[in-house]
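Paired with subunit B in one complex and with subunit C in the other, subunit A is shared by the two complexes that follow.
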Partner chain A sequence: MAKFSGTRAHVYLAMLPVWIIVLVALVSSTVWTFVISLTNSKLLPVYKFNFFHQYELLLKQPAWQVAVSNLIVFGVLFIAICLVFGFVMAIMMDQRIRGEAFFRTVFLYPYAMSFVVTGLVWQWVLNPGFGIQAAVRGLGFENFTFDWIVQPDRAIYILVLAAVWQGSGLVMAILLAGLRGVDEDLWKATRIDGIAKWRVYTSIVLPIIAPMAATATVLLAVSVVKAYDLVVALTGGGPGNATEVPAKFVMENLFARQNVALANAGAIMMLVAVIAILVPMYYARRYMAQKAEV
Partner chain B sequence: MRMSSEKTLARTGVYAFLVISAAFFLMPFYVMVVTSLKTMDEIRVTSIFALPDTPTLQAWVTAWQSACTGLNCNGLSVGFFNSVMIMVPATVFSILLGAVTGYALSFWRPKGTGLIFGILLVAAFIPYQVFIYPLVRMLSQVGLYNSLAGIVAIHVIFGMPIMVLLFRNYYAGLPRDLFSAARVDGGGFWVIFIRLILPLSPPILIVAVILQSTHIWNDFLFGLVFAGSDNQPMTVLLNNIVNSTQGEKAYNVNMAATILTAAVPLIIYLASGRWFVRGIAAGAVKG
Partner chain C sequence: MKTLSLAFATTAMAALTTGAATAQSAEVIHWWTSAAESAGVGVIADAYGDTGGEWVDQAVAGSDAAKTSAISRMVGGNPPDAAQFNLGADIDNLVDSAVLAPIDAVAEANDWASVMPQAVLDAVTRDGHVYGVPIQLQGTNFLFASADALDKVGAGMPQTWDEFFETGDKLREAGIVPFAQAGDRDVWFMNTFQAVLASVLGTEEWGQFTGPDGAEFVRSEAFRPVAEIMAKLPSYADSGVSGRQWNITNQMILNGEAGFFIMGGWAIGEIGAAGLTPGKEVLCGVGPNHAPLVVAGDVWAMPAKGDGLTEAQAKLAEVTTSVEVQAEFTSTMGSLPVRSGVDTSKFNACAAAGAKAISDGNSVMALFINFSPEKLGALGSELKVLWVDPDATADDYVETVAGILENY
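The block that comes next holds the complex of A and B.
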């Protein structure tokens, strides 16, 4: 009996670090951030509560509004293009091709590199004076223009381009794993029935790999809300505020503008956005799982 | 006959798509490499796609030894060694902690298992900005803000959700009878972990090492906030070198510096092959 309780003690001892991390670093930080967002703190936290005043200020701030609308444009395009491009790449990879390992390596390598590297490479490739624009003009097309990176109404699409380059290989890898799980008999049956291959992919296979597509979507969506490094490296939020995003707004108000309460209100809004993505996803999954059981 | 020519056409289409896609993915890397091998004079007059006339490694040497951020001209090597100093302990500690916790959660099921698992699952998705300010305050209180120990602790903290989920899921797939038998034989918590569970863990340990080392190496945000100027990781230093230069930029040096920063995760990726994809799949499980 004594030995048994001794072993139990070891279990709780082993769990101690993770409890500390969870309770102190994760849970109480979140609560603290929320509490500060309800105050008027500037540089240091002061606990004079003004309740949702900061949220009001935040939502009225043009800088925040721009950041949010940029993020929506970026997020919708990035996720849509990644899913379509990733799905097409996965289908092409699934055609018993030669050199599959090579293509897989090539499609996925940008995902191994950091957002900072991704941003800096594309900044150089798209540099209007030296990059693609200059190279095409050098071929004799004097009027060729591709300077979106310095155009305020176009720069956000450059962010999409760089992010798709970095992330679409991931979608391909996840969906390809799904395609490989599709029953070989299904393919035989559809061949006998003479159903066109693209129809099989869109109306039979796609629903089967829907859970993988959902996983990929969640991963992409969460990375959208977190978007920060890529923006800092690629455009610095510019030109003007054309590529500002909420995460960058929060960081600037925390460290450069010393507007701690406002920054934390922004962070809480980011959290709300993530919850708004995850909760419907969670219930959709449970619903699908229940339906599958019946 | 018609059938087969249609098939050939389809095959050609598949390969055309794959080759064009591959060109899209490889183009920036190609441009990076050729730019880093040119002199600035050559960059000004040739296309970014042109091969270097007389390839030179001068930009690489400059990037490594003497590239400047503001008044500091010590090159990127400082950041490289800082990143190693951060990556090694942070990877080791987060994996150890993740493995022990995952083992405890799946086999011993202490009180609060569901709660801790739930919190970690949710935490994996929370934007880091939510935690940053309180953690800055906490680390300053204990004197770890802007220190090596501080940034390592931060990586261990934020590695916890994914590491615990990874190990718990793996251990949940091991036969429980093994564990029960070891219990009957009188094995305690640590004995069973070290003698029975760890020897069964190499596959998941490899995945964890790949996942954590690349994540930590590629981190920018935490390094920027928590590491302090003496421990700036390579990503932060790289961004400072490229984006804070006044006057004409040395594009060749910038690209050499960018490749150098990407080198470690790229080597891990190329060397690990299918393991890397497994890591992604394992990471995707959290969705």
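The block that comes next holds the complex of A and C.
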């Protein structure tokens, strides 16, 4: 207690506004969202409870199932490709190349753009009527076809393409910082032992920068769950329902379809999914940290 | 829970209150933001200003965003004086939640019952009380055609769907996209479906589709042509439908890149804006088959502030529905008046076709009027899915539409 009041009181005091914001804005909103998801509210909140009825409706809806499976495809591909691209770019940067600052800016630049701008730019570039396809055909290649954005079974990959373009620069920046933190002596030692450079990167450097990679993964995972603006700007969920995602389903039901309770049930399901991913990750990192101490 | 929502209400109120309102100021949320639209809303604002009131404009781009803003302010306890909603079932949930003030006094004083079409009055009446001020009506099923494109293949405006598809085949051979479809929002697929539905059903059978036995009707022979046309239509469109905004799609008609386009009356304004004349370079009519005009509209919903209607709200309701404002407002917007006694001689060819259909009694109320937003949303998204499925048959359309009518 003495310790608390003596040296650390000001720390807790400084944290107080943050805690108030977290409790009022975040926790209570989440609780309220959950409570409403248990009612049959349509447009305005009414507190007539029918418990998990909305969840039952939600899970039975084909639109929700499609949205979830789209999100899984998008999420897995986006995170995997971003990590690989980001890692390769970081390694290339790490070779002390000339004009490093220039390339770093170029690669990181897309991240400075919002998803809405990213989506619109790619929508125009890929539109078969006036984008790449039309341009190449204009050059005389009449049979050139690149219209994935309007093909129901391909459009999800276009979403991945645009998101990777935007996100891989961030992964590069994080991993590059990790690479720069690797001890120089380690490199000298491996050179003396004559170990191939790729082997050093995969077997020695990668485990060292694993926490960095984990951070990047969490950041990417968050943007996957949030994916809404990119979809709206790039494909509007189409063609058909090929690129519908849960966040868009929630937003649509919230106001346009005047079904607040169902939308909130969807939002809670998204939260549950995030927790299901983050909790094991948290324990894995704690376990690894403990092992490192031993 | 109550204290919690109270806390939310207080926070929202503190954040949103912009200053003490005077007795006669009216704060109005609407989604009229394009050039022609803001000129139109200016007509109402000026007329309201002339009565000594102060108009506080809250324009929010996009109908969904504007409604969201209005609803969250009602929930938060700081409602605007009036907010734009779609005519029809859009206000049902607001009426059920008892957040709107009845406008009966104004409706009676101005004899709405005799100057407004019965269907319009019905669309704003719940349990015998009037809960919305009709602002304008809008035809949603105009068939636009590029005169240039039709000239090239020597065709005129089609009178039947068979003629439509015949001309479509010729257009395709001439390298012109036969049918332009907008695809960035689900509602455009619903709109095209609605236009086809009206052209096949006419005024007589329309009620059977929107009525309680709708699903049964959809499975009957009478509905069959609708499904067949819907299954055929996507093959007459180009590949760029997905994600394309309606105004970009409209450009295809203005440039002569496409032959036909089905869209609401709001597209008429774009023709003039492009320096073209409706009825000359761009032909228009109300669907093939002598289709009835499918009428949608907008209303002011007036949230209750204390006891009943405030003075400002009553005045706004009166001004909006007056003959003078209706005449100037609708001609600026390219829409149709909500009442009789308005001079329609200044209308362009397209708007006049719509006005004539209404005065001839050849009109039906749009699906927005009867169907809940949930039902309409489901219909739009299912139709969008069928549109991109090259294997979708007429049977698929029948089953999908019947399923939605049963389930929502």
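Some observations on this one:
In this section, the second predicted complex is superposed on the first by the 274 of 294 C-alpha atoms of A that agree within 3 Å, B and C clash if a C-alpha of one lies under 4 Å from a C-alpha of the other, contacts with A are read in each partner's own complex, and residues count from 1 in each chain.
Everything below uses one rule, namely that a contact is a pair of C-beta atoms (placed from the backbone, for glycine too) under 8 Å apart; a residue touches a chain by one contact, two chains touch by 3 or more.
What you are looking at is a predicted structure, and each value in this text was computed from that prediction instead of being measured.
Overlaying the two complexes via subunit A brings subunit B and subunit C into a clash. Put simply, more of the residues of subunit A are touched by B, taking subunit B and subunit C as the two choices. In the superposition on chain A, A:54 makes contact with neither subunit B nor subunit C. Using the contact criterion defined above for the overlaid structures, shared-chain residue A:149 touches subunit C, although it does not reach subunit B. Using the contact criterion defined above for the overlaid structures, shared-chain residue A:257 touches subunit C, although it does not reach subunit B. By the document's definition of touching, neither partner reaches A:223: not subunit B, not subunit C.
In the superposition on chain A, contact of A:43 is made with subunit C only, not with subunit B.
Applying the stated contact rule after C-alpha superposition, one finds that A:247 touches subunit B and leaves subunit C untouched.
With both structures placed on the common chain, the touch criterion links A:28 to subunit B and to subunit C.
In the superposed pair of complexes, A:236 makes contact with subunit B and with subunit C alike. Once the two complexes are overlaid on the shared chain, A:63 sits against subunit C while remaining clear of subunit B.
Only one segment of subunit C in 20-28, 74-82 or 128-136 runs into subunit B in the superposed model, and that segment is 74-82.
Touching of subunit A by both subunit B and subunit C, each in its own complex, is seen for residues 24, 28, 32, 45, 123, 127, 236, 254-255. Against subunit C, the residues of subunit A that register as touching in their complex are 24, 28, 32, 35, 42-47, 63, 123, 127-129, 147, 149-150, 152, 155, 234-236, 238-242, 252-259.
Those residues of subunit B whose C-beta lies close enough to touch subunit A in the complex are 11, 14-15, 17-18, 21-22, 24-29, 31-32, 35, 43-44, 47-49, 97, 100-101, 104, 108, 110, 112, 116, 119-120, 123, 125-135, 137-138, 156-157, 160, 164, 186, 188-190, 214, 217-221, 225, 235, 238-239, 242-243, 251, 254-255, 258, 261-262, 265-266, 268-270, 273, 276-277, 280-281, 284, 287.
Interface of subunit C with subunit A (complex): residues 1, 4-5, 7-8, 64, 67-68, 71, 74-75, 93-94, 96-97, 99, 183-185, 238-244, 372-374, 376-378, 381, 384-389.
Residues 3, 6-8, 10-12, 14-15, 17-19, 21-22, 24-30, 32-33, 36, 45, 88-89, 92-93, 95, 97, 101-117, 120-125, 127, 130-132, 134-135, 138-139, 165, 169-170, 173-174, 177, 214-216, 218-219, 222, 225-226, 228-229, 232-233, 236, 247, 250-251, 254-255, 260, 263-264, 266-268, 270-271, 274, 278 of subunit A touch subunit B in their complex.
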